[in-house]
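One structure, pasted below without further comment.
Chain naming follows the written order as A, B, C and D, and within any one chain the residues start at number 1.
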Amino acid sequence: MAKIGVFVCQCGNNIARTVDTADVAKDASEQSGVVFVEDYKFMCSAPGQEAFKKAIRDHDLDGCIVSACSPKMHEATFRNAAEAAGLNPFKVEIANIREQCSWVHNDKEIGTAKSKDLTRMMIQRVKYNRPLERYRMTMTKRALILGGGIAGIQAALDLANAGTPVTIVEKEPSLGGNMARLSETFPTLDCSQCILTPKMVEVQNHPLITIRAFAELEKLDGYIGNFKATIRQKAKSVIDKDCTGCGDCWEKCPFTVESEFDMNLIKRKVIYIPFPQAVPTVPVIDRANCPKFLKDKCGICADVCGPDCIDFTQEDEIIEEEFGAVIVATGFELMPNVYKEYGGSSMPQHLIPKKMNKKQRAAQPRSTSGRLPDVINGLEFERLASASGPTGGEIRRPSDGKKPKTVVFIACVGSRDASKGVEYCSKICCMYTAKHTMLYNHSVDDGKAYVFYMDIRAGGKGYEEFINRAQDEGAEYIRGRVSALRKKGDKILVKGADTLQGCAVEIEADMVVLATAMVPQADAIDFAKTLGISYDKHGFYSEQHPKLMPVDSSTGGIYLAGACQGVKDVPETVAQASAAASKVMQLFSKEELMREPEVAIVDKEHCMNCWDCVTVCPYLAISPEEVKDRNGNVVKMVANVNPGLCQGCGLCNTVCRSKSIELQGYTDQQVYAQITAFEGAFV
Amino acid sequence: MIEQIREKARELLESGELDVVIGYAEGSDPTRTTPIFCRKPEDTDKLVLDGRCVNTLPAYLNKRHEYPKKGWKKTGIIGKGCDIRAITQLIAENQLKRDEVYIFGAECEGVVAHPEKWDGSLHEGNCASKCSACDVKIPLDTDFYPGEKPEVDRSGPYMVSAPALATLVKMDDEDRFAFWRDDFDRCFKCYACREVCPHCSCNICITDRTMPSWVDQAAHTKGVFGWHLTRAMHLVGRCTGCGECTRACPVNIQVDLFNQKMKEVIQESFDYKSGYSMEVKPPLITYNTDDQETYIR
Amino acid sequence: MRTATLQKNDLDRVIDLLSQADYRVIAPQNQPRLDGPDSIDVAVFKEIQSGDSHNIGEGLSTTGIKPFLFPKDEPLFAYENRGKKVVLTEVSLDFPKTVILGVRPCDVASVSSLDAVFSDKNAGFNDELFTKRLEKTTFVSYSCTEPDVSCFCTSVGLAPDSDKGSDLHMTELPDGTLHVEVKTKAGEKIAAVIDALLSGDGDAVARQQAGVAAAEKITRLRDSAPILPWLQDLGNFGDEMWQRLGEKCLGCGACTFECPTCHCFDIVDENSGNKGYRVKFWDSCQFDHFTLHASGHNTRNSQFERYRNRFNCKFKIYEDVFGEKGCVGCGRCIRGCPVNLDITEYMAEVAHKAAIPNAMSADPDFE
Amino acid sequence: MPNIYQPNLMTIKKVINETPDTKTFHLVFQDEELQENFEFETGQFGEYSCFGAGESTFCIASSPTRKGHIECCFRKTGKVTNALFELSEGDTIGFRGPFGNTFPIEEWEGKNVIFVGGGIALPPLRSVIWNLLDLRDKYKDISIVYGARSVADLVYKQEIAEWEARDDVNMVKTVDPGGETDDWDGYVGFVPHILENDFKPDPENTVVVVCGPPIMIKFTFEALERLGFKQDQLITTLENRMKCGLGKCGRCNIGSTYVCIDGPVFKAAEIDLLPPEY
C-alpha cells in the first residue's frame, strides 16, 4: 500500500494568493494512500526541504507529491532531497499549481479546485511510479570537432589544454574557415589572420590534437559518451607524414584554376594550399582539374618533390574512430547574390524554401554568378582588402582592376525580408559594412563610400562607436533601399530612395558591395541528418533550449559552436566554442556516464515485431532483437531499446498499436491513473 | 480462370510445394461463398471464384490468428487485387514473409457489396463501391496468374470512396456526430470488424488490455466510440480498403467510412497509398526530417 | 383465452392506445442509413412514439429483443472511494411498464431461456436486473409468414407461428387481417387496452394454415433430436469435425451477440476520479481472453474449441443446466457470420455422425 | 433479497506479505450483524473487489473453525490483484460469497489425509488443513506435501514451520530444482516426483487433496494412481476463470459443469467425466 506524502507550497504569495493551499492539503489528506500532508510557505527553501526529508524518514513515505511550481524549476531539487532521505527520486512528482494554476487564474475558488484536481491526479499517478535507477555507462573521453574554423579551433584548444584528446575534421585542405578570409575585424580593426594564425599553429603543435584536414564525416553512430564516427579522409595525393610543406610542387605546377579561398577573384595552382599560412601546410591535388588525373599528362609535381611524397594512386581512406562527445562547428556561408535588381542571378538550389515542391525546385537555375562583375559581396570585399588577398590589400574592382572612386555598400541584402530572402537579421552586416567603408577610405584616399541601410544595429561593446567612426571618416549613410542596379558605361547606376529626405537617389558607382545574408552551409540539413540533430527552417542547428541550453544540440553529447547554430560574429563564436568545450569537459569530468532512466522499454511478450518503432525513432535507438528459447532457437523477434541512444521523446509510444513500448516514468498506467483521477475526465 | 487456378493448386499440393491453399468454396446458401482450406489435392475441386467471394482471405495469414501456428511452411492463397494489396501490406509490416506465401491471382470483376444483394450476377446495383475505380483488378504481385498478365498504369491516386462518405462529409459536425451516435447505438462490440481485418495484427488488442483499460470494454457510447476511433487511427496509412469491416458488421454499421476518410487524408497530405509496395513505409510511422511541418524537426 | 381479429393497418392505433395507457412501446423500426451500394437495410427494436413508422411483420429484425431484458451494458451499483471508506449506491430497479410489439416467435421463445439463466431457477440466485424488467414487460408476438433462407426454427422444436413465451400472439392472414390470440393475463391487459380495435373471434383455421404454409418455406430443416445424445457421449468431444468445421472461424463474437439466448457477460469497474460504476456488459465465449486464467493458462485455447463450446452450450449445456432450449433457430448467427460458419452445418454433421441418414437431405453437398 | 452483484464491504484488519508478489489479508465485515452471522465451509470461495479496479476470485483461505475474521491470499497478476496489492490495513474491500461447494471433510473422518499443494495453491488447502487440525481427533495421519518454484515463492512460511513443529502433522516441503537456497532443509524436486519416489504414501484408508496448476494436478494424479490410489480417493479444486460466481456469466463451465456452482471441489472420478477443458 502506498504511503504517500503531499507537500503543498504557498510559494510566498505566488500560489497562496489564488489557491487556498490549506484546503488543497486537507483534500489531499483525505485521498486513499495519503499518510502525510504539509502546507508550507516555501517548500524549496532549506527548511522546506528539510521538512520534506524529515517527513519521508519519519513516515517511511514511498511516494511524494510536491504541489508547487513547474517541474522545470524544482523537480530536481525535490528528487535530490528524496534521494538524500532514502526514497527513490523517481517516486517524487510535482503537481504544477503555480504556472498552470495560480498564475493563470484570478478566482480563488477555481484556483483551489483546480489545484485539488492537479494534486489528486498526481497522487494517483505516483502510486504507479516504479523506483528507477539511472543508467551508468562507460564513455570514450575523446572529442570530435566538426569544422576547423575559429569555432572549431577555439573549442579544440580549450579541450586539449584541459587534457582532452581532440580530433578536428575539416573538409578544406586547411584550418581557418571564413575567419581566415577576413582582412580586419571589427570593432578594433586588428588583422584577422594575425590573430587567427597563431591559434592555428598552436593547434598544429598540440600533442593532444589530431587534425584531419581535407576530410569529411560520413556517418555518426552511437550515443552520448560512445559515438562511433566514420570519417572519409579524401585522397590528398600527397603523403602527409613525408611532406615538408616546402612549396616546390605548387610553385612548379603549370596549371591554375580559380581559388575558392579567394572567392574566385584570383587563380590558384592545381596542387595547392589554400593560403600561405595554411595548417597543415600539406598541399592537395585538385583531381577534378589536374591533367594527370584527367588525361594522365604532366606529373611535374611528383618530379620536383624532394621527399617524394606525391602519390597519384592514393585513395580515399575510411577511418572509424570512437568519441565521447561531438562539437559541431561547421560555420556559415554568405548568400550569393540572387537578386536580379542587384545584378545577380536566380536563387541557388539549396536556398530555395522547402515549401517548394520537387518540380518547382528542379526548375530553379543553379548558376550563382552575377551579371554585373563589379557587384560583389562582403566576403569578396574582404579578400580585396586583405593584405594576403589577390590585390595585396589594395581595393581594385574585379572587372578591370581600377581603383573604384565611388563605392556603394548595400546592407540587408536578403536579410529581414521573408518574401525575398530570409526573415532574420544577419546581425554582422551593419558592422562589417562600416568596417568596409573604413578599409576603403583608408585604401582609396579620394574615394567616396555610400551605405544604403534599413536600420543600424550596433548592439555590441564598442560597436556604436565604430559606426560613428565610419561616418566620421567619410562614409555617407543613406537610409533607404536600392531598387535597381544598372550598367552605365563602366559604371553602375544605383537607383534608390532616401527615406529620411524623402527623395529618390541615383549614384553612379564604380563598385557595389552587397551585405548578403549569412546562411547555413549548403549541405547543413543533410549534415544534420547524418548527425541526427534537429535544425530550424533555415538549416541552422537547433539548440536544446534557447536560453538555458544554448550550446546543447537536440541530441545528447552533441554540442554546437559558432555560426552553424545561428548568425554570430567572431567574439560570440569564440565564446560559444569555449562554452561547448566546457560542456564536453563537464561530461568527461565524471568517471561514468549517468543517463536518466526515462527511456523507452519494450514489453517483449506483446511486441508484434512490426518495427514501427524502429522506423519512427529519430535517434536510431531501437533495433530488432532475437528472443531465444532454452535451446537457443530464435522463437521470435522483438524491439530492443538502447538506453544510451534513447532520448525519451515518446514517438515510439505513440506509434505502437499493441502498446508494447512505453516510457519509464511515463508509463501508460501512470498516465491513465492521472487522467482518470480527474473527476471531469469522462463527463 | 478458376479451372486454371484449381489445376495449378492441385499440382502444387500434390508436389508438396504448398501445404495448403486458402480459397473460396460454395457457402451454405446460394448467395454465399465461404473460406476453404484445401489440404488435399482433391479439395481444390471445390474452389470457386466469382462476385460472391467477398472475404479478404489474407486475414488468415495474420499472425494473430492461429493459422500460421499450424506449421504451414508455405501457404497458397487465392487473392483478388485488393487482397493482394493486403498481403503486400502485411509483408511491409513484417507480419509475413513473401516466401511464406504463394499467391494465386486472377482478374477481378468486382464483388458484391453484401451477400444479401446477390441475385445471381454482379451489376451496378449490387457491386461494392470499393470496386468502382479499383486499379488492381489486374492484381499486382502474383505467383500464378491465368494467362498473360497485362500491364496496368497505377500511378494515379487511389481515390475510391463510398458515395456515403461524400454524404457524411457534407453534414455539419453536429449532425454527423448524431448520425454516428445513433448508428453506434447498434454496436455491441463483437469485434467482427477487427477479426476480419487483415491488418489488425496485435496479439492482444488494445481494447483487451486492462492495465490500463484505455478503451472501455462495455458497448456504451464511450466504449464504442473509443473502439472505433482507435481502430480508425490504428489503420491510418495501413488500411488497404477491402471494406470487410463494413461487410462483416452483423449490425451493418459502415465502419470503413472512417478508414476511407483517413485514406483520403493520408493521400492528400503524404501522397501515400498502402499496399502497393513492400518497402515504402506508411507516413505515420516514419520519422522524416524533411517533414513539411517544422515543429517535428 | 380470447381470440379476435385486428386490421393490420390498425397497428398504428395499437401503438397510440398502448402509449396512452402508459406503456413504453417497443417495436421494430427501420434505421436510417446512408445511401450507396455498401449499405443494407437495418431493422432494430426501439422505443416507438405515436406516428413513428414501424416495420412490424416485415422480416426478422437485425437484432433481437434481448437488450430490453439484458442490456448490452448496465451499471450494477455505484461506488465512491472516500479515503479508507467506500460508499455503495444501489441502482434503481424501477423499470418502466413495457410492451414489445411485433416480436418474432423465435425471439419471444428465447425469453424463457434467458429467464432460466438469470432468475433464481438457476442455483437460487436471482438477477433482479433481469427479472424485474421481465415482470414489467409484455410480449406481443407476430408469426412469420415469410421465413428467410437462414431461418431454422422448425429444427429446434419451434415454428414460424409458435407462441411460446408470448403474452399476445398475432398472425397475419392471407387476407391482410391479423389473427389475435391472448395467451396470458398480461396479454389480456393489452387486449383490454386495444379492445376497440378487436373484432370477432378470429379465423382459427386460416391462422393454422398460415403457420403450416410458413413452415413449409423453411428450407433448413434439421432433425435436432440426435444432437443431445451425441453430445452427451464424452468420446465425441474430441471428434475431428470440431476442428475441421471450426477452423475458418475468425473468433469474432457476432454470432453470440446477435443470439437471443447467449447470456455471457463480464463485469468491470468504470472509474472517474474517486467514483465509478461496476458495469455488467455482454461478453462472448468466442473471445480468446474469455477463459484466460490470470496465470496465462487458457482452458479453451483454440478458436475451434470456443466454437465447440458454443455449439455444446446451445444444444447440451442449456438443456443440462438450465432445462431450456439453447437455440431458437432465428438464424442470426448464420446471417451475421463473416465467414459463413453455419450452425446448421454442424447440426447436419452431428446428425450424420449419429447415423440418421435422412438428416442429410437438406444438404446434399455435405458428404 | 439484495442485488446479487453488490458486494458486502469489509475492512482489511491485517496485511501479511507472504512473498514479494503474494499477500494475505485478514478481513472483517463492516456490517456487525453480518460479521456475527457469517458462515462458510472449507473449500468455498468469494469474489473480492477493489473498487475502481474490479472483482477477482479466490478461495477463503482461513478455516471456518476460526471465527473473528476471514483470510484471503492472492498473487498480483492482473488488474484487480495489482490494485488489491496496493491496499493497506484499514482500507475497504468488497466481498461476495461464500460460493461453491466444500471439501467433504465428514467423509474423511477416521482416514489418513494427505494434502498436496503447489505454489499459490496452498491457500485453499490451508483452510481445510486448519479445519482438520482443529478437529484433530477425528482424523488419523495428516500429511502436507507442499512445493513451490523457489524458496522465495513459498507462502505461509510461518505456518509451514508451525506444522513442521507439530508431531501430529507430517510436513514435506520441496522446491523445484534450482529454486533452493543454501540453508534450504526441504526436498529439491517437483511435487509429483517427491510424492512418488520419496514420500510414497500408502493408499490404504487414505484420501489425497491436491491443489495446484492444472499440469501439476495431472502429474500428481498419475503418480498417485501408480502408487495404487483409486480415483475416489483423490480430490482437487479447479480454478477456472470466473466473474459472477453465480452460474450466470458463463465462463467457468467445463461442459455442463459450472465450477462456481458445482465446484470448485471435485473428486478425480468426477473430473474424469468432464470434457478436457480445465
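To be clear about the criterion, a contact is a pair of C-beta atoms (placed from the backbone, for glycine too) under 8 Å apart; a residue touches a chain by one contact, two chains touch by 3 or more.
Since we're looking at a predicted model, the values are computed, not measured.
Trainee: Under the document's definition of touching, what chains do chain B and chain C have as common neighbours?
Mentor: Both-contact set = A, D.
Trainee: State the pair with the higher C-beta contact count; candidates are A-D and B-D.
Mentor: Higher contact count goes to A-D.
Trainee: Farthest chain from chain A, going by the mean of C-alpha atoms per chain?
Mentor: C
Trainee: Closest chain to the protein CA centroid?
Mentor: Central by C-alpha mean position: chain B.
Trainee: Indicate the whole-number Å distance between the mean C-alpha point of chain A and the mean C-alpha point of chain D.
Mentor: Measuring from centre to centre gives 65 Å for this pair.
Trainee: How far is the middle of chain B from the middle of chain D, if each middle is the mean of its Cα atoms, in Å?
Mentor: Each chain's C-alpha centroid was found; their separation is 48 Å.
Trainee: Please compute the C-alpha centroid of chain C, do the same for chain D, then give the distance between them in whole Å.
Mentor: Whole-Å distance between the two chain centres: 40.
Trainee: Taking each chain's centre as the mean position of its Cα atoms, how many Å separate chain A from chain C?
Mentor: Taking the mean C-alpha position of each chain, the two centres sit 69 Å apart.
Trainee: Indicate the residues of chain C shared as contacts by at least two other chains.
Mentor: Touching at least two other chains: 81, 84, 266, 268, 271, 274.
Trainee: Return the residues of chain A touching two or more other chains; collapse runs of consecutive numbers into ranges.
Mentor: Within chain A, the residues that touch at least two other chains are 32, 676, 682.
Trainee: Would you give the residues of chain B that are in contact with at least 2 other chains, written as numbers and ranges?
Mentor: Answer for chain B, listing residues that touch two or more other chains: 204, 211, 213.
Trainee: Have a look at which chains touch which and call the overall pattern line, ring, star, complete or other.
Mentor: complete
Trainee: Report the residues of chain D in contact with chain A in the complex, numbered from low to high.
Mentor: Going through chain D, the ones touching chain A are 15, 86-89, 91.
Trainee: Using the touch definition from the top, list the residues of chain C that touch chain B in their complex.
Mentor: Within the complex, chain C touches chain B at residues 31-42, 44, 62-63, 72-73, 149-150, 247-248, 250-254, 256-258, 266, 268, 270, 279, 281-282, 284, 287, 289, 302-303, 332, 334-336, 338-342, 344-345, 363, 365.
Trainee: Would you mind writing out the residues of chain B in touch with chain C in their complex?
Mentor: My answer: residues 26-29, 31-37, 55, 59-60, 65-67, 113-114, 116-117, 124-130, 162-164, 167-168, 179, 182-183, 186, 188-192, 194-196, 204, 208, 213, 216-220, 223, 243-244, 246-248, 250-252, 254, 256-257.
Trainee: Okay, in this complex, where on chain A does chain B touch?
Mentor: Within the complex, chain A contacts chain B at residues 354-355, 525, 528-529, 534-537, 542, 606, 608-612, 615-618, 651, 655, 657-659, 668-669, 672-673, 676, 682.
Trainee: Per the contact definition, I'd like the list of chain D residues that touch chain C in the complex.
Mentor: 1, 3-7, 9, 11, 49, 51-56, 77-78, 81, 90-92, 94, 213-214, 239-241, 243-244, 246-251, 253-256, 258, 261, 273, 275-278
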